[in-house]
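Next come two complexes, and both contain subunit A; in the first it sits with subunit B, in the second with subunit C.
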Partner chain A sequence: MRKKFISERLGEFISDLFGTGTGWLTFVGALILIFYIILAVFSPQIAPYNPTERVGRSLTAPNDQFIFGTDNLGRDVLSRVIYGARIALMIAFIAVAIAAGVGVPLGLISGFIGGPFDRVLTLIMDAIYSFPGLILAIAIAAVLGPGVINIAVSIAVVYTPTYFRVIRNQVASVKSELYVEAARALGAKNYEILMKYIFPNVLPSIVVVLSMNLADAIMTEAGLSFLGLGIAPPTPDWGFDLSNGQRFVLSKAWWGLLYPGIAIITVVLGFSMFSEGLNELINPTIRERR
Partner chain B sequence: MIRVENLKKYFPVKRTVGEILLRVPQRFVKAVDGISFTISKGETFGLVGESGSGKTTTGRLMLRLIEPTAGKIFFEDVDVTQLSKDELRKFRKNFQIIFQDPMAALNPYMKVGEAIKHGLEIHNIGGSNMERKKLVMEMLERVNLSPPEDFYYRYPHEISGGQRQRIVIARALILKPKFVVADEAIAMLDVSVRSQLLQLLIDLKNEFNLTFLFITHDLATTKYICNKIGVMYLGKIVEIGKFREIYNEPLHPYTKALISAVPEPDPKKKKKKLIPEGEVPNPINPPPGCKFHPRCPFAMDICKTVEPELKEVNGRLIACHLY
Partner chain C sequence: MSLKSYIITRIILALPMILVLLILIFFILRIIPGDPVLAILGGKAPVEVIEAKRHELGLDKPIIIQFFDYLGDVAKGDLGVSTLTNRPVWNEIKDRFPATLELTIFAFIIALVIGIFWGAEAAWRKDKPLDISARVYSIFIYAIPVFWLGLMLQLLFGIYLRWLPVGGRLSPRVSLDIKTGLLLLDSLITWNWEAFWDVLKHLLLPGITLGLVISSIFLRMVRNNTVLMLSKDFVKAAKARGLKPRVILYGHAVRNAFVPIFTIMGMQFALLLAGAVLTETTFSWPGIGSYLVLKIKYRDFPAIQGAIIFFALFVVIISIIIDIVNALVDPRVRY
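So, the complex of A and B:
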């Protein structure tokens, strides 16, 4: 076989990627995500005004000075939407990190060990899972009180069972595969089998759940703040702005509602597209079959 | 070198809740039901039989990949069944297994080179990573996967079935084991690749001075590699002896049937076929007496009640009331 140059391989990879719809899906999703991440990271530089200060008259309709208008307290909606990305993404990432950090190891161990330990853990997780997500998050958030970490924790509790279940079931099926037995025949230790043979085989399913959960977490966070259980008020937050904006829709101030809403929709869409595409890209066997 | 004594493996049959409540006694599938044999150093022992006869279970038991219900396995005077988990793990470099299905036996997310190297890492063979890599490259070359650099970095789905099986062989042999179980090692491959791999196994066996347990349902392949064969039927060994003797003059009716089923390459030579009637009985509920009697053309009354023991006839062991 002829040796290939790196550039040639890269070219093939890219043409592979965009030869199918999957590539475009991932690409557009990634673009949206990068856009919001840039907004979140550089919000002080991008936002035209301080989001918590009164900068104009209350409920100014979108104009040259305030592109997205101002809210009832005269704050710039555009700046608040930009700063809102910060809170939304931060909470989503922290929540998903906690959920995955707890759910994945527990799932791995539970599936691998099996027996009574597995049964008890599965029972607990199923109990958590049986609550409607938002209701459970509301209950926990109400107990913990406002704050970035508290909100993240209450969302994480809702999503931990998802990781646990996905991982546990996969591990339980992968551990009876022949290559796991082969590893045992080689004399591999249990944790080596778990980390080198089982974990890589269940990883693709985590990645998908991960990016889908990010989208879900943003919605849950928005839902919590919409209900007044999120971040304490002056901090810009899409969910809170949404609920604040809807009070003035009857005064024909549609902008306070529309722009945070669009932000939520697009970021969730971006995550969903990205996760969908990632799912197929990361799994070499699925890609090979095409 | 290897001595198996009265090895048994019973798999419990799952009972339904109703059966537990009605106190239906626990039933077992007697996959391996008290078998004994020895394999001397450098010998290739062929274990043949129909599917469901317990050949594969025997192979796994011998490596203690599954725990035996009873019995002893001596490997150079070490009783493998008595080793602790940790001792067993270290001991594993002495015996290796080549699996039947090369696709399933390789981790799809591990480069094949890494898969071979992992065994070296586990047993700490070769001091540095570079040295281990060199050993892997040599082994790849040895199983005729050259140039080795081309194969080292590939994933299992990127190579063909025959190449995968070569990788599986390389992974087993790089630990320089003394004893190798080949569990239908070539059964799933194309006929064209089969003979090449069989030749490879024969060459490697001579080169590394291996002792083989060659598990197969295909008597024709045992012809090329086995010195000694044991014929299994429903968890029992019915005949053990030198390959030549058994092949030329099978004594047990079941062995006769198996050998008559081997295809004859010369179409002019008409062989009398002795295919046993019916199916292999359900192992949960095997027939009393000799397990083969419902299908045996020579069955006598005694076969229905008394189970024959292995006894020596003409220098081999046979479990049959005819002798």
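So, the complex of A and C:
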């Protein structure tokens, strides 16, 4: 089956390199994540300057005062990279919450009741799934316009089918297990069976998909804002800063391009290492099953 | 199942998928805030003019009728008229499609070359530096956003080294008769070497950028499958016959490793298209991807809708073709 998540594939590559059973990979991944979460939460305390204010001359190369240089409006690149973590993580978390919030219940219900409802929903989800994710997100973002929630919704639509498929397939196989039958024989109601017996069984997969999804959401957000479909300027945003920096590529202002990119790469790597480790810890057989 | 009935079944199975995609696109683009008629005419138009335009566009009909009108138009290949240029959207897409096709084919070839050669050599030298470096490469190439990779290559080869142009498909000073729209092909069939060289130079950076992104997937597939094949008896037999290592590796192991690789290649197509949108924007490449982004900037909704439908149909058609070719190559698929 086609892999939807960049981080799923990345996880594969990572375990190719380091082998399996590497707890330290999870640890390093977690460290990177904690680093970025701290940057995001405490950006006003950490950033040396106001990210949206002119603090120096335009396009100053990195020096002692501005170690990442300044952009075309004389704003400090370092401060913008730090504040950028805020918007990237915020949108990623909201998008993932929406995708899981819609995909998981739909997958549970669809897998549990089956029938025509299940077939129609599966068809819709498969149609969305087969479509190139970024292009779908572009279409929705174009319609909804800028704004944190709107961007998060556009990203969430792309990933909802992944939750739906993983959960639906697991529920469909779990529901014929003996213990579910036993519960039913003892008079448990559908709702009870779903929440008490089936949901806990599919929970580990949800956690793994969640952590993988975060890396992809950040990547997609960067892509959207690079295309000018992210949140409105002057809010610091890695993708937008890259597209802004591209306008000054001819003046060799490499610092405006290098640092936001490195931020995206490290945070994506961090999430992927973390989710790959988590994947192995929680469910050693999950990859074969998916 | 015969090949013919397999193909027919496969196409019929794709129809509900296409229908669902068309429904989704229709409704997503109907929830646009604001009145499309006012967007075309501006806020100061008289009421009668607005009503007339609304009637002309069919927007006064019930939504379900509008939907069937739209389905009929799509089936006829009529994607509406761009509100920005007043040209039929289908014509605009047709003009730009060869650029996207050329870029994606070129990227695909680059990815294949990297994947096959590096993958095969890595398999031959399993766990040696070349193999390990392949794995490190895969990780980084996959974590890097494609547009950032493009920017870095632009900076290095276009700005600092000045070897290659940073955007466009053809220098203005170079003349070329356009026949197929695939400029590399056009310059070849007209024996226009100056244009060929110029087109190739323009194609290199975006092609490499896009190609690198999917190369890691091929690389991994080729390497792992070749490692598997190298442990098989027929490789031992080939060694026993005293064949040269190159012949064993490429003629026997890689060749047999190729069937599963083909399936994976096809699956990367959607990823390739999404990457093309970003790559085209980065390199001002005049394809469908940059068309979509441009039209979004001007909120030209018929054009946006047309481009998205085009992408949707493209993905479905490619996946059908790949399934059919798969069935041709490997008869077991049909059953």
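Everything that follows uses one rule, which is that the second predicted complex is superposed on the first by the 261 of 290 C-alpha atoms of A that agree within 3 Å, B and C clash if a C-alpha of one lies under 4 Å from a C-alpha of the other, contacts with A are read in each partner's own complex, and residues count from 1 in each chain.
Here is the rule we go by: a residue touches a chain if its C-beta (ideal position, glycine included) is under 8 Å from a C-beta of that chain, and two chains touch if they have at least 3 such contacts.
What you see is a predicted model; the values in this text were computed from it and never measured.
Superposition note: with subunit A as the common reference, subunit B and subunit C can be accommodated side by side. Look at A:227: by the touch rule set out above, it reaches subunit C but stays clear of subunit B. Of the two partner chains placed around the shared chain by superposition, subunit C is the only one that A:9 touches, whereas subunit B remains out of contact.
Measured by the number of subunit A residues touched, the leading partner among subunit B and subunit C is C.
In the overlay built on the shared chain, the residue A:132 is in contact with subunit C alone; subunit B does not reach it. By the touch criterion defined above, A:107 lies against neither subunit B nor subunit C after alignment on the C-alpha atoms of chain A. Superposition on the common chain A brings subunit B within a closest Cα-Cα distance of 12 Å of subunit C. Those residues of subunit A lying in contact with subunit B across their complex are 1, 177-179, 181-189, 192, 196-197, 200-201, 203, 284-285, 288. Listing the residues of subunit B that touch subunit A in their complex gives 63, 65, 89-93, 96-97, 99, 101, 104-110, 118-119, 122-123, 150, 155, 157, 168, 171, 175.
Interface residues of subunit A facing subunit C in the complex, by the touch rule stated above, are 2, 6, 9-10, 12-14, 16-17, 123-124, 126-128, 130-135, 138-140, 142-143, 145, 219, 222-223, 226-229, 239, 242, 245-246, 249-250, 252, 254, 257-258, 261, 264-265, 268-269, 272. Note for the complex: subunit C touches subunit A at residues 16-17, 20-21, 24-25, 28-29, 31-33, 132, 135-136, 138-140, 142-145, 147-148, 151-152, 154-155, 158-160, 166, 216-217, 220, 267, 270-271, 273-274, 277-278, 281-282, 292-293, 296-297, 299, 304, 308, 311-312, 315-316, 319.
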